[in-house]
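Can you read through this structure? Questions will come right after.
By letter and in written order, the chains are A, B, C and D; residue numbering begins at 1 in each of them.
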């Protein structure tokens, strides 16, 4: 049960990016557009590390660590030969608060692209993409690129309508979109896994899963995939200090023995490689 | 040789102030206008402590300490019953950089008014006000209020033209203004003490001095006052952590024995009370 | 909801209306804070450390800023015990709980001070400062040598029946050993930590920024160190612990209580926000209410260790 | 101007082209940084601490953020000495100075490791990690007990003629005593400090944030503590000192050199800026040039004490 290999990762860079736009998208979500000099492009599922301080600002050492953010959408080189790259971020603490406060024209330190990518959708299969909360951001490029090759279904879920991200963008793609919220404020009331179970019951070509979201949700998707013997790739959201494999802070236990680094071997894993039991 | 007593200080408050304006004034100087709810007014020479973080921003603990800033100019209650208070600040490090970056509408934590005030000018005397660098900001209210009662001369000095603050405001008052810069880029080339010595040679009523600026400059003014047996009040710019007399961090040695707290007994002292030798 | 929470705690025989004290050296003699808050909103406060005679401290510069912290080398500048008893204590409202902090150069000084302070009914308890990180003799030596510390505590214990707290230095290899010595020598509680010995240099002048060269580091930077030491001390002794070090918010205080502290002291934060003590006290009660603890005292030691449910 | 400054230093027999190393555990095995900078721009680097056998470390969570700092409890996860020698070292360009760090549970382990490492001509020096703050046995015990430390250093000294550095723990009462023991036991230099033992709690779950409960605090928060310890150690010994702890900028590094360090190690800063080591090295040279020091080695100990001109 192995997927086709993910594409070879680009060499990451460390660079000061310029904020082009930073727009509020519903309560607590922001769409951040950066101009990144020398950006080599990213594969679906890859991420960058963003330093909340900004780089033009006087040096402040708190909060200290950069924050991992999925590359939501890349655009062809546009202004001044620099790539434009889009991020969707949810304000969950101090770091993301500061990222949300960045104004156009300010600059910010970035390292990336980092991590492994989703293996591409397999033509002829039903690709089911399941995104929960901030995990939604990791799936857009996959949905967008996959739509040409396969039947793509997307399930986007969050606690409440205001926590959803990027729904309009997904709906503008040629894919089948399902929305769930735990409080029923938008789409179907319930969890993404409820919608997933239903979708899997419908007749169609064999399904493969691509999931990104909080660990308990990834675990739930992995279980469904195991029960139904489906290929399933999950993308994990662990705490990270470096993002490029040297602090060893982002470890996750794997069946092949010991720990794997989510920032380097991951964030995307075949779901059956991860030892789910006891994960925080 | 005692001056008339300074007015009794107002009870300080701790409050979130709103930024009304924050305009660049020459390279590295900013004019910050705050709306302060419940502001009791300040006497010439008093200051506030401003917390660089802003209060709406996510809590950051670096830089940690609030910064002392002289009340430059108070306005009668204007918008919404809150007092408008003006500050002139020079960007010298991380804290002032963050203060300079505050945008209108943001809020900032403030404690004040704090410290002792200049004793008022004595009618019939020549009041000579000497301000160096950021010290200029402490003298405007004194010049403005004193102009009605006495012959007021103001000497404002800085390293270079761009470092001068508030010159136009002083020139708009009914006072005699002298400008010095060390590089001669504006006004007379040299130090404020050169201009002071010259002014003191000119005939006129007995002079009294009011000085604010870096410690070496205060020491130089104190020496001139002692030699010529003039009353002299100096305002000191020590490092401060609290501003209201509890950290004991701002101590300056005094002739009456031990140390005096610049934030509480000062920042204004009769020049002959301070033990100048060996001060950093 | 918050109103229904019982906020009272007992710190080694000192009855506090809530678990928040303000720390010695950061709250003056109390009256300095009257413009900013009702002092009775605090559990109480620890006054600036006192010596037998007034003391004038180190020459400037005495303070510096560091990442998320500050350095100080004040060196126990204080008005002396007599002025404290005769001039400052009477100015304080009767419902304010005052703990006096003692500093000396030998056990005899400390005992004499404690004896004098014990005569005042306004002194609710005595804190031995065995840990000032930047005074050349006294203080830290006691806090770093278990034998000296034991002698000191026993000596002071012998002269006072007031609740006796010992403030420990973090500049030791094993804080649990120091805590055990205090318990065995008759202390009613321990407070930790004092500032961490540290240093800062100005690269332009190439000089230490403090006239004293060494100073004490305080503020949020040291909070994780303080929390660790409180947890280690709580494993070692059964007398109550007062947690100190970098507490700025109610959540910070709750962390110390979960790790085993009965009460906390707020220090450096008072300089930034003179009403922080009250805000922390209110926030702890709100936390207790939100998490279903009928008494804030139930937070003490309520940490769930890995593997525990 | 900068070009004319001689940046070379000698760290206990290790010839470095500039005084900036990167710290063990923060620079992987070196190759991870190749996309971001020419590794030869550094004085050298200290590889992740090695054990005789590969080791897989603590379960997650292993890291947390604190004010101006981070906590970690990785527990010396590493590929083992053989994989290091056979797979990683050969990948590194020949002009990169590599220092190997050893970790063990008894002096025998350490000596065996050092012996094996000494066989490689690519290992420029050996650093004994006597100070890991969160491994349950080994490491920190050696760094906290002068007798054990002395035994350990003597034992390793006996098996290697490579330059031998000892990395000290800050979790001690007197760092000067530990420095003296290293000197007396034959170390060629000492590195300090390792992370400070610390703890963090999540108030919502009421659990320690690290699976290991205790962790090591690193980053700018600890810099003033590290600087103090380097200064105290420099007063105590005449072997060279490598300053570590919270160095993020060239000015930070200069502070350590002024206090007596011959070289420095940059740690946590690598995570935020993988090219920081090169930037610090360039900045030190620029500082030396600006302040009229023909050799950066002249910065070592150039602190002006109060009273001095």
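Basically, a contact is a pair of C-beta atoms (placed from the backbone, for glycine too) under 8 Å apart; a residue touches a chain by one contact, two chains touch by 3 or more.
Here the structure is a predicted model, which means the values were calculated and not measured.
Q: Listed by label, which chains are in contact with subunit A and with subunit D?
A: B, C
Q: Look at the interfaces A-C and B-C and say which one is made up of more C-beta pairs in contact.
A: Greater number of contacting C-beta pairs: B-C.
Q: Using C-alpha centroids, which chain lies at the maximum separation from subunit D?
A: The chain farthest from subunit D, judged by C-alpha centres, is B.
Q: Suppose each chain is reduced to the average of its Cα coordinates; what separation in Å results between subunit A and subunit C?
A: So the centre of subunit A lies 46 Å away from the centre of subunit C.
Q: Taking each chain's centre as its mean C-alpha position, how far apart are subunit B and subunit C in Å?
A: 35
Q: Just the number, please: Cα centre separation of subunit C and subunit D in whole Å.
A: Spacing between the chain centres: roughly 34 Å.
Q: So how far apart, in whole Å, are subunit A and subunit B when each is placed at the average of its C-alpha atoms?
A: Computed value for the inter-centroid distance: 53 Å.
Q: Mark out which residues of subunit C touch at least two other chains, giving numbers and ranges.
A: Subunit C, residues with two or more chain partners: 67-69, 211, 219-221.
Q: Residue numbers in subunit A touching 2 or more other chains?
A: Residues 59, 61-63 of subunit A each touch two or more of the other chains.
Q: If each protein chain is taken as a node and each touching pair as an edge, is the resulting graph a line, ring, star, complete or other?
A: Graph shape, chains as nodes and touching pairs as edges: complete.
Q: With touch defined as at the start, can you tell me which subunit C residues reach subunit A in the complex?
A: Touch residues, subunit C against subunit A: 67-68, 220.
Q: Would you mind writing out the residues of subunit A in touch with subunit B in their complex?
A: So the residues of subunit A touching subunit B come out as 57-63, 93-94, 97-98, 101.
Q: Quick check: in the complex, which residue numbers of subunit B touch subunit C?
A: Per the touch definition, subunit B meets subunit C at residues 11-14, 51, 59, 61-66, 109, 111, 238-253, 257-259, 278-280.
Q: Spell out the part of subunit A that touches subunit C in their complex, as residue ranges.
A: 61-62
Q: List the residues on subunit C that touch subunit D in their complex, please.
A: Residue list for subunit C touching subunit D: 66-69, 71, 144, 171-174, 196-201, 203, 205-208, 211, 213-214, 217, 219-225, 227-228, 231, 246, 251, 254-255, 258-259, 287, 291, 302-306.
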